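Two complexes, one shared chain (chain A), two partners (chain B, chain C).
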Partner chain A sequence: MKKIGIPRGLFYYYYYPLYKTFFTDLGARAILSSPTTRITVDRGIDAAVDETCFPIKVYFGHVKELCKYELDYLFVPRLVSIENRSYICPKFMGVPDMIRASFTSLPPLIDITVDLSRSDRDFKDQVLKTGRLFTKKSSRIQDAYEHGKQELEYCKHIASQGYTMAEAINIWEGQDIRQQRDGSLRIGVLGHGYSLYDEAISMNIIGRLREMGCTVVLPESLSLEQVEQEAASMPKRIFWTLGRKMVGSALKMEKMPDIDGIIYVACFGCGPDSFIGEIIERKVNDKAYMLIVIDEHTGEGGLVTRLEAFCDMLKRRRRQQVEDHISAYG
Partner chain B sequence: MSYYLGVDIGSVSSNFVLVDEAANVVGKIYMRTEGNPVKAVKEGYKQVMEGIDDEQIIGVGTTGSGRHLADIILGADVVKNEITAHAVAASSFYPDVRTIIEIGGQDSKMIILQDAIVSDFAMNTVCAAGTGSFLDQQASRLNILIQDFGPTALKSKQAVRIAGRCGVFAESDMIHKQQMGYPIEDILMGLCEALVRNYLNNVGKGKKIETPVIFQGGVAANAGLKKAFEKILQMEIKVPPYYDVMGALGAAILAREYIEQYRRATVFKGDSFIIDGQFHSRSFECKGCPNMCEVVCIKRDQEVLAYWGDRCKTWETSIGHQEVI
Partner chain C sequence: MKITFPHMGNAHIAIDAMLEKLKLEVIPPPPISKKTFELGVKYCPEFACMPLKINLGNFIEALEMGADTILMAGGWGPCRFGYYAQVERDILNDLGFEYKMIILEAPDSRVSELFNQLKALGENVSVWEAFKAVKYAWYKIKIVENLERRFAYIHPRAEDKNRAEDIYDKGLQEIQSADDKHEVERVGLKCLERLNKLALTGEEPLKIGLVGEIYTVLEPMANCSIARCLGRLNVEVDNSIYISDWLNDHLLGGLAKKSHRKNLVRCASPYLNYFVGGHGLETVGSTVDYARKKFDGVIQVGPLTCMPEIVAQSVLGMVSKEEGIPCMTLYFDEHAGTAGIQTRLEAFTDMLRRKKILTGFSC
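Now for the complex of A and B:
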């Protein structure tokens, strides 16, 4: 059985069920790197180019871990675009090349190009090319891909019930994760999945909010159509897939009466985020909004202070709204 | 007489305030943390308690980045973040305050209030440029005492333009100007204006600043900065009487609110615990998993009081200590 390494980073958080199902159906075994730890981070910072963003550095750490295993292939797709007329951050385009340049002994890379910006014809060829490493039958490859897409949809469905994509993937894998009770505050939390759902990168911001008694509302729980509709209200179409999703989600959350406030988690070195965080800050006027910028730091004090102050503010505001309501109608 | 004690352990200064039952300030201590918050808590406590019996303390509140540490040593009824503490303190003096500018050692914040409730706030992001420690550093580089910084800057007739985008740029810009022969007061005033521009762009971006504006935090002692704020904002800026200990004052007021509202007895530990014991902190790398968390251990003599810093909370919960949020 052929073994394929999949780093637990970047678009793992959006596509892993598809990757795994595809390779498993073709008779291969997907080997996933372990959850991010400080060792992963140290390895990544060591190996990666200095000027990339933190999540890419962490991805390098995962690649490094996978290099220890005897793999037949390492799956590091070159993501250019995952939908029509939209793009992923340009740094992602170069990831397979950067990996080749940074590591000396690598298993053969499967670095197919995913570019759906104009049509899906090339992409279909790329899927077939990948599948042919394991089987000659095109129909089997096609079936595996379709099955993978179904599994991915199922996983997204799990996430839509209030789980992070990381949790949804674990549930999809058969783990039992209990949903927490409804908190007193509902906070919309936005950010790129690969930083937000990686507990080490985001310093477990979602877990911390939940511990403080908040229910966290994530973009995955919103309807895609509504998010796109909100994003379309921008004067110019945002051509970054994730950026558009974040702006649309923020505008949607702003209109949801049960959401008390919105937090955006951005990475320090992220080019698109430097725009998107700012755009959201300017557009969201009717709800409390906080931008949190993260990078390599592990000192949690600053983060905790901000989260606490944000929750305090929302609680005090809400208490006052209740009082106003009573005095106005009582 | 009974008193409430408020303690603010910041990165640069540690502040202690005693208020009476009507929330009047009866004692305050402002001292440097000097990188040793454990010692600062003990020293400051001794100083602020001079002439006061520990039985007279009926409530304790802590705030600042060292608030949990202070809680372990003193026993606090309320452990609150700095934003809330500063806002509470400012609105106790100025109930109609709309904007609070707070610049401390490592943090700078802007708090927007409406009807005495925080409606928005911002803190500096990853960078600590333009905060008190930067001013400290520059003052010592120019060989002037930080106390003389403000008065010297006020003598300036024409402030020098200094890049305020980043502390490193500001420093190199300053060195160039200094070597070209600009007088020191103009450089200092230029630095104040650069800091204010940086603050307004970085922390205050997009926020609507309305009067009354209150300027507090240790840096508010610097009259040059107050003047620079007034010049750039074209507004009157007020500096409250206890500007340097507002966090501690807020913590004391919050402790008073809490004790009165819930009619609780304080968990304050008292002199014998605080003064007689030797407190140590040490840190170690947990080898339990590849996360290798840096765990901090706080001990009083031989007894372990608290652990923190571990992501899985194995250490933290091992002695039944619960983090107060």
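Now for the complex of A and C:
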């Protein structure tokens, strides 16, 4: 049985069920790196260039971990675009090349290019090419891919019930995770999935908010159509897939009366976020909004203080809302 | 309509000329200064890349001087530049300026779209006049670039570097104020002649290729005048990219001259095998190209957090090892510590000189 390493980083949080089902159906074994720890982070910082963003460094850490196992292949797709006329981020487009340049002994890479910006014809070829490494039958590859897509939809369905993508993946794999009780505050938390749902990167911001008695509303629980519709109100279409989703989600959340405030988690040095955070701040005027920028620093105290202050402010606002309105930046 | 536009190196000479031929009243922003930076830093998102901040500073200064229309370029990513105009418009609106912003989107395929956009911009001009305006601007930029290249050759070799710089600066001014083709040609040639007459030291200088993000490469204010610093250290600097290349590849669809981009893409393989936005691929391709042309070293420049350049930087280490060319990366933001840059340049060139002598012995 062929072994394929899958790093637990970047689009793992959006696509893992698809990856795993596809490879398993083709008779291979998917080996996932372990959840991010300080060691993963340190390994990543060692391997990557200083200026890269934190999630990429963490991804490098996962690759480094997988290098220790005897793998037949390492799966590091080049995600250029996952929908029409949009990109993810230039760094994603260069990830396989960056990995080749940064590590000396790598297993053979499966670095298929996913570019759906113009058409999906190339992409189908790429899927077939990947599948041929394991089987000669095109129909079997097709079936595996379709099955993978179904599983992914199922996992997204789980996530839409209020779980993070990381939790949804765990539930999909058979773990039992209890639904949170409804908290007193409802806070919309936005950010790129690979930083938000990785507890080491986001310093467990979602867990902390839940501990403080908040219900966290995530973009995955909003309907995609409404998000796109809101995002379409921008004068120029935002050409970053995740950025557009975040702006749309923020605008949608602003209109949801049961949401008290919005927190945006961005990574230091993230190109799209440097603009998206600003755009949201300018557009969202009716709700309290906080931008949290994270990197590999470990000062959790600062984060906790800011979250507490934010929650306290929201609670006070709620109490006083009966009497009068306080400005969103109060 | 009083129109203005952002600065980028010597591009203003050509843009100015083109807009005037479109019969518009032009108010170019004042040269980039510390004040420009301050305005940009004050109002832009903190982590935005530096060109955005300088652009915004330019616009604010020009609007304060009475401009009422801004000309800006657009794009469709994945580099942040494509969304510059939108963010800038939001900021300027919030600051309470009243103006109109015209965004030139690069045409997907047909050049005629560009001429139509320009025609719509001009007041009572025909497509033919729009075409002539572009042609004239193109001519001016070619003359400017000839001068830039000659200066890059003479400056490190000249005995009196101050004099060389004076001649060059004055030459640029004369080209800018010349207002017809013959006059441009005449002052261009005159300046070249003056440069050629300078006494040379006779020593063969080091040769360094300057690669990276186009704005940082071309705009001396954005890179602490790195080219001039190197020239003064007796280093000949070769720019990997000129404004005409960019215009040719992106706006004119490769019509104006033969593009060498294909060659660069070929050079970049196997190190970087995919377009990564901005000039990431060109940076890697040019570095390989310089290595094969036996340059002494390569310096990569870019604005801090520039995504394409980070990808390029990540693979440059391997390029440097495999192709045997020393590379250094410098990122710039609004900090003004030129002494630090100067020291790093001196150290880098010292190292290259030593390497050259040592390899010379071993041969």
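As a working rule, the second predicted complex is superposed on the first by the 321 of 330 C-alpha atoms of A that agree within 3 Å, B and C clash if a C-alpha of one lies under 4 Å from a C-alpha of the other, contacts with A are read in each partner's own complex, and residues count from 1 in each chain.
We adopt the following convention: a contact is a pair of C-beta atoms (placed from the backbone, for glycine too) under 8 Å apart; a residue touches a chain by one contact, two chains touch by 3 or more.
Small disclaimer: the values here were computed from a predicted structure and weren't measured.
Q: Which partner does A:308 contact after superposing on A: first (chain B), second (chain C), both, neither?
A: first
Q: Using the touch definition from the top, say if A:297 reaches chain B (first), chain C (second), both or neither.
A: In the superposition, A:297 touches chain B alone.
Q: Just checking: does A:100 make contact with chain B only, chain C only, both, or neither of them? Give me first, second, both or neither.
A: After superposing on A, A:100 lies in contact with chain C but is clear of chain B.
Q: Is A:320 touching the first partner chain B, the second partner chain C, both, or neither of them?
A: first
Q: For A:246, select first, second, both or neither according to whether it touches chain B, chain C, the two together, or no partner.
A: In the superposition, A:246 contacts neither chain B nor chain C.
Q: Is A:187 touching anything from chain B or chain C once the two structures are fitted on A? First, second, both or neither.
A: Once the two structures are laid over each other on A, A:187 reaches no partner at all.
Q: Contact-wise, after the overlay, does A:31 reach chain B, chain C, both or neither (first, second, both, neither)?
A: neither
Q: Name the contact category of A:144: first (chain B only), second (chain C only), both, or neither.
A: neither
Q: Chain B or chain C: which reaches more residues on chain A?
A: It is C that touches the greater number of chain A residues.
Q: Give one of first, second, both or neither to describe whether A:269 is in contact with chain B, with chain C, with both, or with none.
A: second
Q: Please report the chain A residues shared by its interface with chain B and its interface with chain C.
A: Shared contact residues on chain A: 268, 282, 293.
Q: Can you list the residues on chain B that touch chain A in the complex?
A: 65, 80-84, 107, 115, 117-121, 123, 125-126, 205-206, 289-294, 311, 325
Q: With touch defined as at the start, can you tell me which chain C residues reach chain A in the complex?
A: Result: residues 45-49, 74, 76-80, 82-83, 85-87, 89-90, 94, 271-278, 280, 304-308, 310-315, 317-318, 331 of chain C touch chain A.
Q: Per the contact definition, I'd like the list of chain A residues that touch chain C in the complex.
A: 48-49, 51-52, 78, 80, 85-91, 93-94, 96-98, 100-102, 113, 234-236, 238-240, 268-275, 277-279, 282, 293
Q: Mind listing the chain A positions that touch chain B in their complex?
A: Its residues touching chain B are 34, 37-40, 199-200, 204, 211-212, 268, 281-282, 288, 291, 293, 295, 297-298, 301-302, 304-306, 308-310, 312-313, 316-317, 320.
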